[in-house]
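Got some structures for you, see below.
Look for subunit A in each of the two complexes below; its partner is subunit B in the first and subunit C in the second.
And then the complex of A and B:
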């Protein structure tokens, strides 16, 4: 048969949980939306991306074998295009953020020892390092060589841009959460505690809810 | 996010179609679809339904909420209520737009439906604008917007979050400079 069966794919190996292709796609979509909206770089989902790329390649192979069923072919191709769009948009957003926050991210990565909390995938780490060194050599050859000796230092740390964790974002609560503490940094003593009901939508700063985002209790919209 | 991306997301939602051809099950990556039998309605994702309709291979079944009477009732409800009411479908504007462009003949009273949906959208957006103005005036730190749909939320992005970022930054700067002044004294 030319159509590929729905595969059962091994998940991230902790519990050997198997996810179907459609679940992987759903998770990838959520990761894409989160990455688009979040002010900082989220944890990398390279497993989901690789899995989807595999699926696409498999499907393309199958389609090659099956000749000219005209509209069935077109439908599968459309779906492949849709998935490819999500993947490339996701990766592009991540690259943009890596270029903007390169130094900050590499520092954070150096301090993270646990694999599951890693924000950058190995390829992205290499990319970030290359980017910083290219930038540095570019500045050297363009400007710094030609200025007097005492101004020649390149301090990457001073040039690093940190993501704005206080940006406001829209979110939807997937689980009921009591007592989210919104600290008031303007010193007016207006610390607020908010209860998030399931299914409710809110607008608030990223920082107080980032831990909820990582635990899956809320999702960005 | 763009409006086009939201349309992309909305296209995943199911719609009922009545095919005029026969086909076994299609094993798509995002889920199985089919089997297709002429005259028997089934659910497919919207992007698939749109494409099939454009090729003349099916008829679209209009979702039940897109009826002129029901929409008129909803619009009444929306204009009476001071807060936002629950919308029949999360992506009502996108679905209406797609269906009206692809298959206007399948929809009874399509002109009326179009005007009603547009009116509802305008009502909700104007409510949103006035509540945003209120919210900034009272310098709120957190807002609850339960029954707003994605496209409406997107219409005030990036203005609203950026405005709040700036307000937050300004008040924080004012606070830290006040602190440092008091520390000097």
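And then the complex of A and C:
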């Protein structure tokens, strides 16, 4: 069974980069950790998710067939449970943020034309839209009908929340990165530029390093 | 006290003899409208917070709410809950290219296979 994990199973068409199951899992784990730490919603990884779900189903099928040794069965079952837990947790964290920042995310998504920069998966977009719509209908039926004219507009902007890009996060530099621009928070123009050594760890605000996160130069810890 | 300013306006009008009008009290009217807005916003927040809790129920109790909770929520809230449920189910079904994944399960990491004996 361990042999099959080294098989090439994922080929990302455009980039021509094929990955083994363990590589896919590792990327998914990293995406999961990042998603839990990041103050905003990160780019969706539905390809990785779909791939691992497929893997789990295959593994489960294989397990059904081999009724041998209890011991090996238990270990593989635990691996399956572990992977399913990671996937579920990852998607749950995303849903939580989608619900919290629905309005902001949909607006941003509407202004994003490039598919590779999309943050929400198509199904997540549908989810966000229906969620917002359900809130609007609810407020409409419960409150707005019974309230005098001057208060009647449902101020979606007031109820919606934006992620705090200034939240502090821990990160590790995966590669040497020079010239990271840190703006002076007090607005007094004392901007700083720092160099990050490979392997170094830092505590910084999310906003200045988000582009490094997306390029893979740093990872959140 | 709520509505104190509005009461002031009414008293002002009442104090005048029939047919007479006091000066248009712009200041107090403004304060009353502000108070209305504040109350409304607080009300909106409360409605929203209730929905948040009802949402949490879905994740804790599943798609059927226990009787004692159902007793405390109004009809529109029940409808909202059903809609939320439907939306969530639809999303979960779409995962894994149609195979589906129940996200309300696996809420804790799997236990360790071996227990350390000392």
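Of note:
Methods note: the second predicted complex is superposed on the first by the 211 of 221 C-alpha atoms of A that agree within 3 Å, B and C clash if a C-alpha of one lies under 4 Å from a C-alpha of the other, contacts with A are read in each partner's own complex, and residues count from 1 in each chain.
Going forward, a contact is a pair of C-beta atoms (placed from the backbone, for glycine too) under 8 Å apart; a residue touches a chain by one contact, two chains touch by 3 or more.
Predicted model only: the values in this text are computed from it and were never measured.
In the superposed pair of complexes, A:57 makes contact with subunit C only, with no contact to subunit B. Ranked by how many residues of subunit A each touches, subunit B and subunit C are led by B. Of the two partner chains, both subunit B and subunit C are touched by A:82. Once the two complexes are overlaid on the shared chain, A:184 sits against subunit B while remaining clear of subunit C.
In the superposed pair of complexes, A:49 makes contact with subunit C only, with no contact to subunit B. Shared interface residues of subunit A (contacting subunit B in one complex, subunit C in the other): 74-75, 78, 82, 85, 89.
Of all residues in subunit C, those touching subunit A in their complex are 33, 36-37, 40-41, 43-44, 47-48, 51, 55, 74, 76-77, 79-80, 83-84, 87-88, 90-91, 94-97, 99, 101, 103, 105-110, 113. In the complex of the two chains, the subunit A residues touching subunit C come out as 49-50, 53-54, 57, 74-75, 78, 81-82, 84-85, 87-89, 91-92, 95, 99, 123-124, 126-127, 130-131, 134-135, 137-139, 141-143, 147-148, 150-151, 158-159.
The residues of subunit A lying in touch with subunit B in their complex are 3-6, 21-22, 25, 29, 33, 36-37, 52, 55-56, 59, 71-72, 74-76, 78-80, 82-83, 85, 89, 164, 166-170, 182, 184-187, 190, 192, 194, 199-205, 221. Subunit B contributes residues 1, 5, 8-9, 23, 25-32, 47-48, 51, 55, 57, 141-146, 148, 150, 153, 157, 160-161, 164-165, 168-169, 171-172, 174-175, 178-179 to its touches with subunit A in the complex.
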